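What follows is one structure encoded as structure tokens, with my remarks underneath.
All chains are identified by letter, namely A, B, C and D, in their written order; residue positions are counted from 1 within each chain.
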Amino acid sequence: MAYRDEKLDEEKVFKDPVHRYVHVRDRVIWDLIGTREFQRLRRVKQLGTTYLTFHGAEHSRFSHSLGVYEIVRRILENFRDHKDWNEDERLLSLCAALLHDLGHGPFSHSFEKAFRLDHEDYTQSILLGDTEVNRVLSGVEEGFPKKVADVINKTYTDKLVVSLISSQIDADRMDYLQRDAYFTGVSYGHFDMERILRVMRPLEDQVAIKESGMHAVEDYIMSRYQMYWQIYFHPVTRSAEVILSKILKRAKELYKNGYEFELKPVHFFSFFEEAPSLEEYLDLDENVVMYYFQMWIREKDPILSDLCERFVNRKLFKYIEFNPNLQMNAWRELYDLFEEAGVDPRFYLEVDSSSDLPYDFYRPGEEGERLPIHLLQPDGGLKELSRLSEIVESISGKKRTDHKLYFPADTIEQISDEKTKQRIKGILYGREEQ
Amino acid sequence: MAYRDEKLDEEKVFKDPVHRYVHVRDRVIWDLIGTREFQRLRRVKQLGTTYLTFHGAEHSRFSHSLGVYEIVRRILENFRDHKDWNEDERLLSLCAALLHDLGHGPFSHSFEKAFRLDHEDYTQSILLGDTEVNRVLSGVEEGFPKKVADVINKTYTDKLVVSLISSQIDADRMDYLQRDAYFTGVSYGHFDMERILRVMRPLEDQVAIKESGMHAVEDYIMSRYQMYWQIYFHPVTRSAEVILSKILKRAKELYKNGYEFELKPVHFFSFFEEAPSLEEYLDLDENVVMYYFQMWIREKDPILSDLCERFVNRKLFKYIEFNPNLQMNAWRELYDLFEEAGVDPRFYLEVDSSSDLPYDFYRPGEEGERLPIHLLQPDGGLKELSRLSEIVESISGKKRTDHKLYFPADTIEQISDEKTKQRIKGILYGREEQ
Amino acid sequence: MAYRDEKLDEEKVFKDPVHRYVHVRDRVIWDLIGTREFQRLRRVKQLGTTYLTFHGAEHSRFSHSLGVYEIVRRILENFRDHKDWNEDERLLSLCAALLHDLGHGPFSHSFEKAFRLDHEDYTQSILLGDTEVNRVLSGVEEGFPKKVADVINKTYTDKLVVSLISSQIDADRMDYLQRDAYFTGVSYGHFDMERILRVMRPLEDQVAIKESGMHAVEDYIMSRYQMYWQIYFHPVTRSAEVILSKILKRAKELYKNGYEFELKPVHFFSFFEEAPSLEEYLDLDENVVMYYFQMWIREKDPILSDLCERFVNRKLFKYIEFNPNLQMNAWRELYDLFEEAGVDPRFYLEVDSSSDLPYDFYRPGEEGERLPIHLLQPDGGLKELSRLSEIVESISGKKRTDHKLYFPADTIEQISDEKTKQRIKGILYGREEQ
Amino acid sequence: MAYRDEKLDEEKVFKDPVHRYVHVRDRVIWDLIGTREFQRLRRVKQLGTTYLTFHGAEHSRFSHSLGVYEIVRRILENFRDHKDWNEDERLLSLCAALLHDLGHGPFSHSFEKAFRLDHEDYTQSILLGDTEVNRVLSGVEEGFPKKVADVINKTYTDKLVVSLISSQIDADRMDYLQRDAYFTGVSYGHFDMERILRVMRPLEDQVAIKESGMHAVEDYIMSRYQMYWQIYFHPVTRSAEVILSKILKRAKELYKNGYEFELKPVHFFSFFEEAPSLEEYLDLDENVVMYYFQMWIREKDPILSDLCERFVNRKLFKYIEFNPNLQMNAWRELYDLFEEAGVDPRFYLEVDSSSDLPYDFYRPGEEGERLPIHLLQPDGGLKELSRLSEIVESISGKKRTDHKLYFPADTIEQISDEKTKQRIKGILYGREEQ
């Protein structure tokens, strides 16, 4: 039998807290899960620094990837007999679902910004490079790795397949909303996925939702909205990310300046040069990063040492509301005062805006955005969701930005110059008290 | 106000998926959570290698410790007005609950066996040594750290306090059963804790359960029984532990033999000498261990490299049922055949017996065991649970041992001498097929 | 000890699927639950005819009333130490919570419309009249029954107490949303009540919500919105209500016309006269109504018999979208055609509009409405919810009406005059097909 | 297309709180659900008088029947490709599952005992008599109603089909355990049905369970055990049943004695004669029974009136532990004292033993019992569950009887002869206090 059609002797099941069971029948899928590149996802947390805010959020991208695969598997089971679904695309869709996050590195967002990387490029490299994953995929048929890469890259010709993984109501989001809600323990994030799967219909170039399922979809959009504000944009999580960015920035600066590390950051060298090879990229998982951070606590550079201590032992920065556009003067003054007090503002003062984060709750029709949700009318026509739903209309396309100023409250308390200290505190806390 | 009575301005809450919220009002508790020794528990998994079997089991001892604290907090809220409860012991009980697992190292069981350590000794050291935790506890009153240590060590005079943390139905077990069930996703592990908390009664030297709550307790014991067989003794988890032990054994042997490591295992030196200092012990968390394992894949020693590759990328050993007492000849023959084939049996062949594991589902009255469960009769008398419950009686004290033989199935396939290979396979698989 | 302060020897608990346990310590509450007027609520379904759409919705107003009591009990436990809460109002609040639905009759909405009754009047009568409930309440103190009646009637002077039972986020709604979701089995209707209870703050004249709890409240409002469209306004439920109304209308008409019933509707006489005494009102629960309906299937009046058969054996009317304002001519023509065909349109044709139903999802500031939700700012100020929440703003005050035309599809099939039948079907179904 | 193969244009779904959705594709099933005999099950509670103990237990046999159907549907979906399953039996199995409880009357157990009826006989009559159900089934093929009746009667030749509905682990039990747990709100009753369905294997004459699923089955048996003691045998529920039986006994006695009822119990006449016709049987649902009970509160016979008042308004009998075999003298004395005091002991004194109830938690191999559970070994052999499971062994076949003596505590308080009263109270309560 051709490898692409090969089935396991007996179905394998993974016990999954979100979907109860993840079912695997295809040998290709089973082999992919066993590759070192896929196993590596166990060492990258799904929610980065969120575990420092919600202690349950220790789950990895490994379980999320299995979850996305399982959702697509269930969708395709429902599609099997639909005329608009091409069963030949089944294995391709499953592989793309399973592997869509393969390129994520440690604490993705912060690392990508600090070293100007893009995890999507690395997903492509892993699929197409000299990897175990590539060898498994190549066994299916010539050009199969490229097909998988194209689906994940949204350039594949069959847009229906693309939309399973990447649209406003794709398997990726349906999994992470439920999974992140489950592990953090919040009550948001629940919606009736079983119902949504039942009202999905394959069209030529996208998945549409039967109009009778509109309320279930509204509920899904609301879950997303709530999860973003309650979990993904949480200011404490962002505080940890600020510190993380500062550590990377400091380490790189020290490296560029020829600083002698006690523990040479060999894993980081190519990152500092902004040109890690694929192998170097894969080597740097969160265990390795955390190993360095723990070691660096003992470095003699006081800034690197302090920031690592803060991250590892969760001595985070405090924050206040702060609008950089309206409070430019206060910002400048603070910056100067920090310098005066010997607290380097480049590492100890930061404005973070939630709108920088790569999340949206629902934006139909924006340039380069994911496909919006279309409702299938009884007469076969399509209508975009926000045109039919008042609730979705009310939140779609709106950009709600939340600016926070982060700073080390404990360090400020230790500033020896009393006047400078009081002035800093006046700016930071005075605003709130007056 | 005395530090021991100090309350936070506003109650702090942790969102917890198992108990919904963990509530903190006492400043002492809040400060303890912030110490580096307690934060370190985020880097030690609650279930060791179980995440390689149940992918959801990535939760840490940090969240478990918060959970045990929360359960004791709720128990004591119910006890407040009981004449047999001494409210002065409240803070002590909460501290002991929070800190009872403080000494756990990475992958506890395997490490303790390999290096002849005992996590309980380290818990004592952390409480009484030069640590942040000790400084917080010392602020309560002189001798307070010792009191906490005594409660955890079960030598404290007030046995009622001890039994909250350590008995057959203590807060420790009630948390881990529910938490491990939640994160693995199995349906066992659920019982009606709310009901159990309501029927707990403080007596002079223990917590008793009102007889009317017997069925809830039976359900708890059954959950425990199911969890042990379904989760804690799972043969795949044990396969990973076997490999882990072999890695440690190999590294130590190489070290003793003067092998030149590419990456010197500085963190391990004192462990190899079986005498880590407190600081060295605390430094070695699971991130650090995993860092070494990943690096060692590139060591030139083929055994160390192979075993690390297996652990990191989950290429585990296979297993068969095997009773070492009845199959001694087979064992000897296998051992010799492995040697002949150049597969070192000291590292590639292992019999693992579940009964070695430090778990019991319910054993009343055994030497050195935890206090059994006593039911409080309407007339004020006490009866041991298994005397009233047929179900509990049926499983109590029974030792069900499950022996497995672990081996590298893939390596065996690559043995070049065909005859030796076939003989090995005959012994391993033949038994099952005939 | 005064009766008002009397506690039960041992707390009583009711196992409740929604709140896990309902706790009773006060003898007054215990005695009220035991009265025949309260027990009668077991014989009135919480959701009227909804069980014919969602088969799980067989729960009664009895369990809902216990639930509302339990929520208020938990709120007051949190309020205990707040300066703005008067602990003397505790028992009053609990009684009002427990008894707020006491006057509901069978299939409330339809009955009230058919016989021009108001269940709120009957609640007042039961509290103040010659009843077991009144005797229990009178034991608390003189004038206590009147106080309870005033709270339920929203005329009590302490508006804070009133708002617990009757506001946009009162215990009544929090219970029924969760309870109705639980019993119907829909996934909407869940929100984080525990969080909401924690952010409620007693003010002089209302309960406010700390601003940090806004997202939890948004989620509650969204649940409400979803429940109304998915459950409360469900067109099949309304079909059953249409039939119910027609039965009552027909029975009354027959009675007025001197028709000789085989089974005299003695329980209904005073209702037909629109003047039931309190005793007569209490006698007519849903069992009694259903008894008559079953008996009336055998009445010789074909309309009464047919309608009862439809209700009892769930042979409901079908429906189409129909806007009476725009389709007046179609309506008139249908009416005439029904008459021609011998199908009395007064009983077999009905336009039902969801906006007639006494539900709103959120309307701040309308005349005579329940108090809107106020968020308590950090500075102590209050802001109305929809001014801070875009989502709530988007749905507040909007009246979304859904009109349906109900008719007996099976009866139409049996019309002997082929032309009339085709004309009727053309009007009913043609619109949809063309 | 033949009626037996006819599918609905679009699948119908029922929202079900236990199984999430019940799916119907077959027209035959849809038509059966619409029959008046099946709709009648909405008016018979699943758990009889249990709602007086657990207020959530108001669910009907209607929803249970849908649930059993859905479980069998899911089992058969898994069986589809197994060589030992005959797909021709599919519709038969589904019909039998749906209709297996069709003959249940109001408060089944008490009524059957009082009037010497057997609901199984009535199920047969409904299937084979002049009913809507029979007409639907007859449309499938000649003799089909008889086939369905045989499956339910366990006399059908294909024992595999029988075992789906009636064995120690059939769809009937799997539904009611979960459903009753859900509606009462207890935490017992949960087990991993999804897992059990996955390990079920069709054999020639029964459904077997793969040995790897043993722990899931143990959990199911434990759930059953807990549910019986916590829910089904609850002494308060039995108190209500005692009163119910006494009402029926009194009404029958009065009828036999020529008593003039104010409200003639026309629905009961044929029951009193122990010969209700099928039509008479179907007429007497729980609404009708409750109607009579409410009316009879106003009958002049003081015993009938009092007992009905007790049942309707939940003024139940109290109970004590009482072993009739050991306490025969006490029983005789009480009986005499009641007579002396003018409290008729035939209606006010009753010993009820739980072992009389038609439940068993697990009894392999008893005469006339349901098929025991067989585990399918890897080698294809079968072993009975209790031979492999120590826990199941510990409870199987054991008859645990629980005797209670029921009496009206309030009436006893009103006995005017002080000495008799004290003597009665001495016997009833003295035993416990001394």
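One rule holds for everything that comes next: a contact is a pair of C-beta atoms (placed from the backbone, for glycine too) under 8 Å apart; a residue touches a chain by one contact, two chains touch by 3 or more.
Note that this is a predicted model, so its numbers are computed, not measured.
**Student:** Could you tell me which pair, B-D or B-C, is linked by more C-beta pairs in contact?
**Tutor:** B-D
**Student:** With centres defined by CA atoms only, which chain is the most remote from chain D?
**Tutor:** Between chain D and the rest, the longest centre separation is with A.
**Student:** Where the centres are mean C-alpha positions, what is the separation of chain B from chain C, in Å?
**Tutor:** One centre to the other, that is 52 Å.
**Student:** Centre to centre, by mean C-alpha position, how many angstrom separate chain C and chain D?
**Tutor:** 31
**Student:** Just give me the whole-number Å value for how far the CA centre of chain B lies from that of chain D.
**Tutor:** Centre separation, chain B to chain D: 45 Å.
**Student:** If you look at chain B, which of its residues touch at least two other chains?
**Tutor:** 20, 186
**Student:** In their shared complex, at which residues does chain A touch chain D?
**Tutor:** 13, 20-21, 194, 198
**Student:** Which chain D residues qualify as touching chain B in the complex?
**Tutor:** Contacts found on chain D: 186-188, 190-192, 195, 215, 218-219, 222, 225-226, 229-230, 390-391, 393-395, 398, 400, 432.
**Student:** Which part of chain C faces chain D closely enough to touch in the complex?
**Tutor:** So the residues of chain C touching chain D come out as 14-18, 20, 34, 36, 39, 42-43, 51, 54-56, 58-60, 62-63, 66, 182-186, 283, 285-288, 290-291, 294, 312-315.
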